[in-house]
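Each chain carries a letter (A, B, C, D, E and F) given by its place in the written order, and its residues are counted from 1.
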Amino acid sequence: MSTVRLLADDELSAEARAVFDDIRATRKTDFVNNIWRALAHDPALLRRTWEGVKEVMAPGALDPLTKELIYIAVSIANGCEYCVRSHTAGARAKGMSEAQLMELVAVVGMASETNRLAIGLQVPVDEAFKRTP
Amino acid sequence: MSTVRLLADDELSAEARAVFDDIRATRKTDFVNNIWRALAHDPALLRRTWEGVKEVMAPGALDPLTKELIYIAVSIANGCEYCVRSHTAGARAKGMSEAQLMELVAVVGMASETNRLAIGLQVPVDEAFKRTP
Amino acid sequence: MSTVRLLADDELSAEARAVFDDIRATRKTDFVNNIWRALAHDPALLRRTWEGVKEVMAPGALDPLTKELIYIAVSIANGCEYCVRSHTAGARAKGMSEAQLMELVAVVGMASETNRLAIGLQVPVDEAFKRTP
Amino acid sequence: MSTVRLLADDELSAEARAVFDDIRATRKTDFVNNIWRALAHDPALLRRTWEGVKEVMAPGALDPLTKELIYIAVSIANGCEYCVRSHTAGARAKGMSEAQLMELVAVVGMASETNRLAIGLQVPVDEAFKRTP
Amino acid sequence: MSTVRLLADDELSAEARAVFDDIRATRKTDFVNNIWRALAHDPALLRRTWEGVKEVMAPGALDPLTKELIYIAVSIANGCEYCVRSHTAGARAKGMSEAQLMELVAVVGMASETNRLAIGLQVPVDEAFKRTP
Amino acid sequence: MSTVRLLADDELSAEARAVFDDIRATRKTDFVNNIWRALAHDPALLRRTWEGVKEVMAPGALDPLTKELIYIAVSIANGCEYCVRSHTAGARAKGMSEAQLMELVAVVGMASETNRLAIGLQVPVDEAFKRTP
């Protein structure tokens, strides 16, 4: 149960409906997942979030699958079950293999370990790492 | 200043020295950065961490640059300055362009935003995302 | 299932019972929620936590609803489902509208995004922000 | 030192310059702080972030000072020094008193404590908190 | 439901089976809990994680129960339900009393509160705390 | 620079002075570190925090050094430099050896790694870990 009601299609405002139409057209599926149905209570937030995600996750200097892997990594570090599950499904739909998923979580785990070691001992940044290109 | 002294090469135990030798041989450089000099107080921890990093970051189902990007993403989410700076330098050495870095932080920022939206409204996981292949 | 039993009213020590009495008197309701029933195993912790919450959340330079909004924001950032749900219910009881809740999560999301951008690029603090009044 | 150079006004692309113009016009000051000078390497990210912040922080169901307090609270929980300092300065410019700042951090501290108590004992959500209005 | 299938004993690779055998021999029980059944998809990750945990949690300068308490504390701060529950069970098996558990969560809560106070006000580190022995 | 001024002894309110007197008497030293000088702007917060810390960190079912180790572990996980440094100094004053410090950070690192593995693969809690004594 979310803390606001998940809106059904026939409960959407005109602005929210337009965003749902774009989600369906962009993803080529009728399925609109729960996060958008919660955000639809605030059409400006819904629109801004959807357009931001669409822009950020589009092909660019990084390919879409790499971006999904990064998205999952952050979601793990932030402890968001909804996001881990939805983006793991999304990455699989984009071709992520099980071996890639296992390596992804291995890197996330290793990074989390060394992050804590560096903070735990308050290791100072090497001069070599302070230069800005 | 770290909370333990950073060990110079001539202060290393035999076991720590062997790890430093492997770091230098693997990376083909004489430079050994501060985190290893802090961990060297506990040779077992030093060895395990280095061997773990070497194994996890090797080419596999994911290429080494993708793994560096994931490492940076996690380090940002965990708020580790040392790790953000050292792995940003590492990723650049492996060919990361500035455009790729900017897209990486854009994905990390966007994921952090939607993570909080999903948690903030306690959005339930869609049935479609619960299936295990 | 909590990792310690939730204590029923007839299982309370005298010190825990006194705290429950004060919770009921302060909130003008017989309902005592689960967190207090878990903390009741350690009456000193129960008392200190309840008195701290009562003192901190009382009207002061900030009004009680603003304090609830801040409480929810922190609970989202810390990923605490229990606290998000209980304080969202508490804020609603104090008059929070759905529009206010949606704006709250929007601010939490936006702050989380820019937090990660600033950390991700290691942006130095402007001199103008370093002055202490 | 940031990991990308902070761009001076005469290094901006046309799209970035347009965003800087809007920042200056909106805030009625010539000062543009460092985060925007780092984001300017990616004009699309710069524009999206600025427009998002402007939209989210505008007066609405919550007033701008309350939104700044929430922004600071999240920045504390996420451990972002840049954001704590810049938004503390921003809140002061909007009238936050020192007493309000002290109460803000007191609420953040208390929420963080009870968040951990609830997670630490895995306290189940009360039925009364599970209802969606 | 995990995002990868939990492997049953008869689905293990030879390398994963060897790790399971060592888990059973070390713990003197036939029970192998779910995390290992998920990691078994990547035998190298399974082996490295198990050997790391076994080495780190062994008696040393700190006794095993103290290490379990630290493990639980970190798991609470990172918001990992699986880890809080499994290590609380593990600590009880090693003799942790309910009074010790309550004091543990009290310390975790108090530390989280003062962590946020120090970050919230950006308190500078005292010179006395900067010395490295 | 903190975001509020650090108060000198001759700037304290009567209530804050009484707390400083108790800090000095309890710790048997004239030195009062910066966090208390920042909190002194809000005497009620100062008093509540000091009394909470004093109560929680006193000998009980856990000894004071074990509590300091847990405090450091949480401070690492929360990324609080002030707290890591001040409590590392505090633990050393209570007898923590360098070997104990190294094992502490090793456990914190390992726990952080497995926390992320469990979250990353969404491993379900084993039935055996769900029982409440």
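Please note the rule applied: contacts are C-beta pairs under 8 Å (C-beta built on N, C-alpha and C of every residue); 3 or more make two chains touch, one makes a residue touch a chain.
Just so you know, these numbers come straight off a predicted model, no measurement behind them.
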| request: Return the chains common to the contact lists of subunit D and subunit E. | output: A, B, C, F
| query | Shared touching chains for subunit C and subunit F? | reply | A, B, D, E
| task | Would you kindly state whether over half or under half of the residue numbers at the subunit A/subunit F interface are used by both copies, giving same or different? | result | same
| By how many degrees does subunit E turn when fitted onto subunit F using C-alpha atoms, rounded in steps of 5? | 180
| message | Using only Cα atoms to place each chain's centre, name the chain farthest from subunit C. | response | B
| Chain pair, A-E or A-B, that carries the greater number of C-beta contacts | A-B
| Taking each chain's centre as its mean C-alpha position, how far apart are subunit A and subunit D in Å? | 20
| request: Take the average of all CA coordinates in subunit B, do the same for subunit C, and state the distance between these two points in whole angstrom. | output: 33
| Centre distance in Å when subunit C and subunit E are each reduced to the mean of their C-alpha atoms | 27
| field | subunit D: positions in contact with at least two other chains | value | 1-4, 45, 49, 52, 74, 76-81, 84-85, 88, 98-99, 102-106, 108-110, 112-117, 119, 121-122, 130-131, 133
| remark: As the complex stands, subunit A meets subunit F at residues 72, 76-77, 79, 81, 84-85, 104-106, 108-110, 112-117, 119-122
| request: Would you tell me which residues of subunit D are touching subunit F in their complex? | output: 79, 84-85, 88, 98-99, 101-103, 105-106, 109, 116
| request: Note which residues of subunit F are touching subunit D in the complex, please. | output: 3-4, 41-42, 45, 49, 74, 78-80
| query | Given the complex with subunit E, which residues does subunit F contribute to the contact? | reply | 1-4, 6, 31, 33-35, 38-39, 45, 49, 52-53, 56-57, 60-62, 66-67, 69-71, 73-78, 80-83, 85-89, 92, 97-100, 102-104, 106-108, 110-119, 121-126, 128-130, 133
| remark: Note: in the complex, subunit B contacts subunit E through residues 1-5, 44, 48, 52, 55, 130-133
